[in-house]
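Here chain A shows up in two complexes: once beside chain B, once beside chain C.
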Partner chain A sequence: MTIFLQATVEGLSLAAIYSLVAIGFVLIYKSMDVLSFAQPALAVVGAGIISSLAVDRGIPFWLALILGIFLTGVLSLIIERTFLRPMVGEPVFSVAILTIGIDILLRTVLDSWIGINPRYLGDPFPTFGNFGAINVGGVNLKFLELTALVTAILIILILSVFFKRSKYGVAMRATSFDQEAALAQGINVGRIFGLAWFIAGILAAFAGFFITGGFNTLGQFSFLIALRALPAVVIGGLDSIPGAVVGSIIIGLTQGYVAYYQIPFENLIGFSLGSGFSLLAPYLIMFVILIFRPDGLFGTEEVERV
Partner chain B sequence: MLSVQNLEVVYQDVILVLRGVSFEIPKGKIVSLLGSNGSGKTTVIRSITGLLDIQNGDITKGTISVDGEDITNFNPSKIVEKGIAQVLEGRRIFSELTVVENLRLGGHTNSQDIQSNIEKVLDMFPILKQRSKGEAGYLSGGEQQMLAIGRALMSDPSYLLLDEPSLGLAPKLVDQIADLIKEINEQGVTVLLVEQNANMALNVSDHGYIMETGNVVMDNPSEVLLKDEDVREFYLGLNPEGTKRKSFKDVKHYKRKKRWLS
Partner chain C sequence: MRGRPNLYTDYNKESAIFSNNTQKSWFFIMVAFSFSLCFTASEYWIYLLTSSFLMSIAAWGLNIVSGFAGQINLAHGFFVGIGTYTSAVLGGIAGANVIGFELDMLIWLPVAGITAAIVGLIIAPITVRLKGLNLGLVTLALVFIGSHLFSNFKSLTGGAGLGRKVARLKLFGIYLENGYQIGDYFLEKNQILYLLSLTLCILCGLGIKNLVRSRAGRAYSAIRDGDIAAEAIGINIFRYKASAFALSSFFGGISGAMFFTVSGGVEPGTFNLLYSIVFVAIVVIGGAGTVLGPLFGAFFYTMFPAIIQLLLHVFEIGEQSLPLNLGQIERILFGLFIISFLIFEPRGLWGIWFRLRNYFKAWPFSY
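Up next is the complex of A and B:
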């Protein structure tokens, strides 16, 4: 039971991270019909910016965190303005390829900055309590993981209020429903695109911090964790925010359980699934779900596939 | 006055759909724009409101001005801020959003009066008031048309452009919409009414323009058009017993008019 709880907590905190990246992906898809494969890269770039501010430049951590998250939003906005805006109306496929190009560009720059040694983000999490964790009834709870979980829940609540109550939140929903009718109301649709990318950049930077904070550190492979938000979005359906969250929970829990139960399971069936199986498992789940629900669990049917 | 002069519009760089359309909507009046399917009525509205771009259309000639100011090629939000609101063809309400949210969107450019305007519109349409928190997609066709009109009024427009508001509505509802248009006009809003229902449009409007294949082929005060034999035959379906339906192009009146124009 302790192991099960441990696996669940770890799985959910991963889910929190994935859902932050995944929601950004869905926001962009809903507002401008663009599949942005640059989201995971923005997450690690955000971590890089925070690290560079806090460690290289010596800015107090919490200020560096806020500044880094904001700057990642601005970077995302600039990417939209310079690369994506001129592509409005081009085929979904070409635009998706363009975002892959942006992804490669961002990661190349980041990787050359990171260099060989992993980077710390300068956060105080390793020094909290018992090396950044507490023990509750045999379950080891890392502060960073708990913070990720709480932060993701808060962000989702804030976003749902934003979409329900605020002028621009309602305008974003309207634009995603019928762009021409939104224009006819005098909504500046370009501004809505920019806003979607800005929010997505901010969410990605939060995720980037939770992936690389504490003892995790930012290395060239941190990106692979953020990348797992993609199967989460595909499972949930490209155009559904609740879908993105549910998809992330499915991927996160799968990963958590595989990490703890793979070896007992292998002993049971008598052969090894391989050490990389926990990385593979999210994609297996994705394939199985897509066989039964080609548009994802919450996706709209007519969503175009690449 | 909203004035359109010699407007030429091309879609996809090659499809010429408006070939020098001119008309005027004097302040305080209701002007109707009639024409059969594909004659270019919606394109005229799109040209005024900046919605050609999203349709891959361009104004290649001509000017549009409001109260003397040139607004040709202004973007849609600028147009709304200039006091020109529209009701799109097919209503195009945001059906996944609530009635009140639809109204708030209509007031997007006019945030400070939003609450009082919502109340005003809901008082105007008691049916919408009852369902203000419900999803707009569940409204009936007539209710959706009222919502579309109410939404357009949220920006406190001086000019209201309506694209086929009677489309798909039962005769009784058409009458109701006609009364509503008159009422809105009496409150000081200048109206352009695009219609295929010529009978309704000519009965509410002061002046009517008739379009065919991208040209204005006739314009007259509405009561004159209502009595015009050709208009009666081709737009009101009141052709005299036994006569064969001709193309409007063969009608003498049209030819005379065209010579006069050139």
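Up next is the complex of A and C:
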């Protein structure tokens, strides 16, 4: 039972991280029909900015965290303005490949900055170590994981209020519904694209911090964790924010349970699934779900006209 | 119709492999030139050219599925890997923890392609159902599933970090790894590889050209331009999408079987996400949906590290004085090339070539 609870907690905190990245994917996809493969790269770049501010420049941690997250949003905005704006109206495939180019660009610069040794992001509570942990009935609760969970829930709440109540939120929904009709209503669609990328950048940076914070550290392969938000988005459906959250929970929990129950299960069936199978499980689930529901669990079915 | 190269009087002439004598003569000049390079070029250039030939075979494969049939495939590296390991098992030497049968190249080369094609067919029920971005994402999953399998089937692949030796070069029962004596002339191993790759490349190139002008090629283009419309005019979507995937994997498998014989060994970590993306980039940079494009792209991709080194040498910039190392500069430029080709010249290098050719065709009336 303890193992089960531990796996659940870790799975949920992973789900929180995935959902932050996944919502970014969905926002960009809904606003401009672009699947941005650069999102995981933005997450680790955000962590890199935080680390360079907090550790290399010596800026107080909390200030560095806020500044780093904001700067990632700005970087994301710049990317949209320079690379994505000329591609409006081009085939989806071309734009997706273009974002892969951006991803290569961002990660190469980041990797050369990281170097061989993983980077540390700084920690305002040096006495705890790794942001501390608490033990409740044999279940080890890391504060960083709990914070990730709370932050993700808060951000999702804020975003849902933003989309329902605020002027720009409604404008974003209108744009995702029909860009030309939105233009005719006096909505600045270009600004909405920028806003979607800005929010996605900020969410990615949050996720980047939770992935690499404390003793997790930022290495050259950290982006693979953020990349696992992609299966989450696909499971939920590319154009559904609730879907992204549900998909993230499915992926996160699967990964958590597989990590803890793989060895007993292997003993049961009699052959090895291979080390690191828990990292593969999200992709397998995506594979299976897409066979039965090509548009994901919550995605709207595409209407095609000849 | 002498002197009127663009006047076609029947369909057969228009869809011929070489539509006029100029193209035909250029083709044979280039082939003769490429064969002569084997005996004149330096070892480094022979290596680069061999890689380019093999890369372009794989890129042609991806071009069938992405360029002609219009389906996103981010997992081409996975099929290349299947080709590599099939050939390594069939043609390689058995080691302490890997199996190998040391068969002839006549067996392992086609079987590598066929195995990759079969795997392409096995996943066809999934890939055919999906289209657009979802297909891209499923193939992305395939990359990760593939690299997991490659690192865990240790008896076939040697396991992550260790790797294994690939297939031996044994053609018609003769081992060619230490060169081969023909009369007075001694052919080095790299020259033999060069000749083999060049021959394969020419055969595959003609094969692609033939495919494009065949019934299947036209069906692929119809599916790319509008799959519902294609279905309405009686094209069996399942059959052609699946066959596009299988053919594409076949080319990938052939290329993979040969590619690592240059270096002699292969490690499962090679077939990562970036490896698959390289092929997509080659097709995009070269020009998707064209016959010559992937060839241009593959040459560009393999040659451009050498070009950067040459430029650094010409301008006498020391490698140490740069903030990034060469590999990083290459990757940054690579990313920039993908982005700028998509924004400024979506038809790729082939588009540039096409415009240049037309410019000089109509010269001096270049407008």
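Everything that follows uses one rule, which is that the second predicted complex is superposed on the first by the 296 of 306 C-alpha atoms of A that agree within 3 Å, B and C clash if a C-alpha of one lies under 4 Å from a C-alpha of the other, contacts with A are read in each partner's own complex, and residues count from 1 in each chain.
The rule we apply is simple: a contact is a pair of C-beta atoms (placed from the backbone, for glycine too) under 8 Å apart; a residue touches a chain by one contact, two chains touch by 3 or more.
Source: prediction; values computed, not measured.
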Comparing the two partners chain B and chain C, which touches a greater set of residues in chain A: C
Touched partner set for A:A171, first chain B, second chain C, both or neither: first
Contacts of A:L5 with chain B and chain C, given as first, second, both or neither: neither
Partner chain(s) touched by A:L105 [first = chain B, second = chain C, both, neither]: second
Which of chain B and chain C A:M286 touches, first, second, both or neither: second
Which superposed partner A:S94 touches (first chain B, second chain C, both, neither): second
Touched partner set for A:S275, first chain B, second chain C, both or neither: second
Chain C partner contacts - residues on chain A that touch it in the complex: 35, 83, 86-87, 90, 92-98, 100-105, 108-109, 111-112, 230-231, 234, 238, 272, 274-277, 279-280, 283-284, 286-287, 290-291, 294-296, 304, 306
Partner chain A, residues of chain C touching it in the complex: 66, 70, 72, 125-126, 129-130, 132-134, 136-138, 140-141, 144-145, 148-149, 151-152, 226, 228-229, 232, 274, 277, 280-281, 284, 323-325, 328, 331-332, 334-339, 342-343, 346
In the complex, chain A residues that touch chain B: 89, 167, 170-171, 173-174, 177-188
Sites on chain B touched by chain A in the complex: 49-51, 54, 56, 75-77, 79-81, 86, 88, 92-97, 101, 104-106, 108-109, 111, 151, 155
